[in-house]
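First subunit A sits with subunit B, and in the next complex the same chain sits with subunit C.
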Partner chain A sequence: MKGRFLALLLPPTAWLAVFLLLPTAVLAAAAFSADGLQALGRAETWLLFWRSFWIAAVSTAACLAVSYPVAYFIAGCAPKRRNLLLFLVVLPFWTNLLVRTYALKFCLDPLGWSDTGAVIFAIVQNFLPFMILPLYGSIEKLPRRLLEASQDLGASPARTFWKVTVPLTMPGIAAGCILVFIPVLGIFALPEFIHEPTRMIGGQINLYFMKLSNAKAGAALTLVLMTLTITLTWVYSRFKKSEGLV
Partner chain B sequence: MDDLDVTLRGVTKTFGGRRAVDDVTLSIRRGEFFSLLGPSGCGKTTLMRMIAGFESHDSGAITLGGADMAGVPPHRRDVNMVFQSYALFPHLSVAENVAFGLRIAKSDDVDGRVARALAKVNLAGYEKRSPTTLSGGEQQRVALARAIVTGPRVLLLDEPLSALDLKLRKGLQEELRRLQRELAMTFVFVTHDQEEALAMSDRIAVMNRGRVEQVGSPEEIYERPATRFTAEFVGSGNFFEGTGDGRNVRTTDGLTIEVAASGNVTLLVRPEKMRLNGGTGFPARVEEVLYQGASMSIILKAGERRLLVEDANDGALARVRVGETTTVSWRPEDVLVLPR
Partner chain C sequence: MRKLLGSFTALVLAALYAPIVVMVLFSFNKSAYGIRWTGFTLDWYLKLAENATLHRELGNTLAIAAISTVASTVLGTMAALAARSAFRGKSLYTTLVTLPVMVPDIVLAIAMLSLFEALSVPLSLLTAAAAHTTFNLSYVAVVVSARLQGMDRSIELAAQDLGATPWHAFRKVTLPAILPGVLSGAVLAFTLSFDDFVITYFTTGPGNGTLPMRIYSMVRFAVTPEINAMSTVILAASLALIVAALKISRVPVAGGGR
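Take a look at the complex of A and B:
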């Protein structure tokens, strides 16, 4: 019995060892080298981390602000209409990211819009579905009678929104934010493509590996980025646990 | 007129071409326990939601404390509602649920008022609990405390007891009645349970297909129903259709019943007013004896007609056997005359 149990455990363990632990070990070994530590010592590196962080934060906030009304509207539609609108939300995924970004650039260039703002705009445009879908999921589950109860007790629609709707859709808000923030933090290619000087940390890692042939520096930056995202995911999972019953 | 809390004049509401509420006119007095009674789909819940402001009325007028409510949103109406499914906020504690309306109104002494409201519904000590951990009866009490704590002019209760089991329901009926007296607050109670309505109300409006059939005290509704619908919905009865000559009514199946009525009428004799083996009376055969603990129901067959007789389980009916022949009788004053 025990032997069979262990045998079943073997493939996934082997998978994790070969494809996760081993590469991470190699990465860590490369990172803790003279070149790696030197890259981490450079002020420019931390400037890039900081830029990635605030761009990710602003993009996430913008995504949330745009997506909430959209998700709320979709959740309020009749089921048939709802499915159509959700289909439209995920439709852009049928096109390759590169093609979509090119298309966007063709739209932005004639306007002469090429700065950090344009980068954020492109990111928001790309990540909207990741925010809308989880938001829709939790808004759709929100019982209408709770909103009625709130208004019945004297809360205006605006107060009902802040005191009932937002707290009760917090799981969707948190999931959407994590789904947007983490990928945006490590995004590469798209920022440089829209506006070359607005390079983010992902672009720098790409540069180290592909252009500058400094894999050790790239590994160091990757390790820091990984630590950041894992920490964020961990915080999120703690938050989710404490959320309890909703 | 200033002792009226709620008035409805010719209120009509149409949903997709169907009249959910049809020309309803009602006056509800201050401090009254008023029930809207009717089968599901009769419009009673829609009517209540219109008073709360969740539905608008197509025509007619609704006033609360004399003020016209046309276009006034729910949060500006001095009524609170106890929802059928309680609608407690799952993200707030019991105390915060009760405090919700007080915080909106920026009342002072929130903690004290919450504590007193919870004590009123026998939930002292539950302040920190989450409503999701409470039983149905406890959730019901929290919903009640939350609705009364702000002291609204009118409390609307939408079938608040229907999800509870019988024993709990009986207990809460008493408690609701006591609470209403203590608070001297106007209660508008929606129910499809006629026994509940009879037991609790000062007055009842019986509703059928969007219309009000009759408004009256529980005694009036039961003892003097105005229509056959009311008579059938509230309690059970034996109905006889016939034509009267002023002293007797000749029924369609050939019985002669002594009652002062003329023209085409429907007669009603309540089952508990009927007596078996009373000497003179109609011959009938015992079809079924239903033992119900405190009372007994006997189904009789008189010709093609089925009659229902109910009596207290005091031994008098214990000897009645299925299949035997008996006579059934009633006092002439127990015959109710309804229009046909």
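Take a look at the complex of A and C:
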């Protein structure tokens, strides 16, 4: 039994040690170099981080605002319709992000819409499914009787929504926000396609590696991005207790 | 109220699909510029079919996807099976296995690139496949884990009590039970790999580009109906893969996405 367990445990662990932990260590070593530290000392770097951060935050908030009514509607549909709608929501996110972004660019360019607003619109359009799914998951589990109780006790629909529905679906809201916010922090092709000057941190990393051949500076920015996202996930997991890998 | 919500949902779905529909439509447009419809043509697809570079890049895309799918399916399934037992340091292990899914893909790509550069490993299809294996391993582990959670372990233990060797019990009891999860994990891995741009972009060697990379460099140059045609082909391939995944199992609705 023990031998079998080790035989299962060792290969994936060894793989991750060589192709995840070791690369991270090398990345950190590269970041803590003269070039790396110099990049971190520049004000422009932190402006870029700040810009990426607020773009991701605004996009996540917009995603939430758009997704909540949609998830709420889907959860209230009859099972057959519900499955169809869920399928339609999920389908695009199985397809290539680059292709979807290009499709959007193809439509936005002739309209002449190319600014930071367009970038945020494109992010929201692309990442909606990440928000709708977890929201749907927790809205669907909402106990009807609590909503009825709230109304019976005289709360207005709006009050019931803010005081009962929203707090009870917080796990879905938090999961959706983290699923959108983290990948958005790291995007680089999307802003480049929609509006090149709205460069985010991913774009700068790309520049350091592919154009400026300053890998150390790129590594430093990547390490900060990595630390940021892992911290966020860690904080999130403090709130959400779960067992196993799911 | 419900009517309003319904209309809003319809509007959101329209916003999700409209750009894709428009893009596909204009891959059949005669005019090479702008979005004015000037007549139906298959020229752009014929141009793709004649382009030898694209054939090679399609081959690269498929090779990276195939290698990383096989490796990550085996490793990811092992990781999920190991995570069933209780052991010291399990939460650390769980974090390690899910880490590649939790960081933005550019982080994983740059970390890999740094490793290969530090060890002077020349970038090639294999380095890209190794990088893909790392993130796919996580996705497969999560999908198989979901399947394992619904599984009754006593059957497996009964098989062993009745004298089956652990390997025999695994082959005859555990594997058939988790096979749908393993297969949908594999299809998910293949799809993610096929669609990936960021990881490949940083970890593949010169001259070993893939189709998504071709789209990236073409779009930066100019918007042409050829890109529409190529995007449509990639879209169709992804859709075929999803249909396959859904046929195998209904699990992965909440999986994926990159």
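Heads up, the rule we're going with is that the second predicted complex is superposed on the first by the 228 of 246 C-alpha atoms of A that agree within 3 Å, B and C clash if a C-alpha of one lies under 4 Å from a C-alpha of the other, contacts with A are read in each partner's own complex, and residues count from 1 in each chain.
Simple rule for what comes next: contacts are C-beta pairs under 8 Å (C-beta built on N, C-alpha and C of every residue); 3 or more make two chains touch, one makes a residue touch a chain.
As the structure is a computational prediction, the values presented were derived from the model and not from experiment.
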item: Which superposed partner A:Ala65 touches (first subunit B, second subunit C, both, neither); value: neither
item: Subunit B versus subunit C as contact partner of A:Ser150, first or second or both or neither; value: first
item: Contacts of A:Leu47 with subunit B and subunit C, given as first, second, both or neither; value: neither
item: Per-residue contact with subunit A, leading partner among subunit C and subunit B; value: C
item: First, second, both or neither for A:Val164, with subunit B first and subunit C second; value: first
item: First, second, both or neither for A:Leu212, with subunit B first and subunit C second; value: neither
item: Contact residues common to both interfaces of subunit A (with subunit B and with subunit C); value: 157, 244-246
item: Contact set on subunit B toward subunit A in their complex; value: 52, 54, 73-76, 79-81, 83, 85, 87-91, 100-101, 104-105, 130, 132, 146-147, 150
item: Residues of subunit C that touch subunit A when the two form their complex; value: 1-2, 5-6, 8-9, 12-13, 15-20, 22-23, 26, 34-35, 74-76, 78-83, 85, 87, 93-94, 96-100, 102-108, 110-115, 117-118, 130-131, 133-134, 137, 141-142, 145-146, 149, 166, 191, 195, 197-198, 202, 212, 215-216, 219-220, 223, 227-228, 231, 234-235, 238-239, 241-242, 253-254, 256-258
item: Complex interface listing, subunit A residues touching subunit C; value: 1, 4-5, 8-9, 11-13, 15-16, 19-24, 26-27, 29-30, 66, 69-70, 72-74, 76, 85-100, 102-107, 109-110, 125, 128-130, 133, 137, 157, 182-183, 185-189, 192-193, 202, 205-206, 209, 215, 218-219, 222, 225-226, 229-230, 233, 244-246
item: Interfacial residue positions of subunit A with respect to subunit B in the complex; value: 143, 145-146, 148-157, 159-160, 163-164, 167-168, 244-246
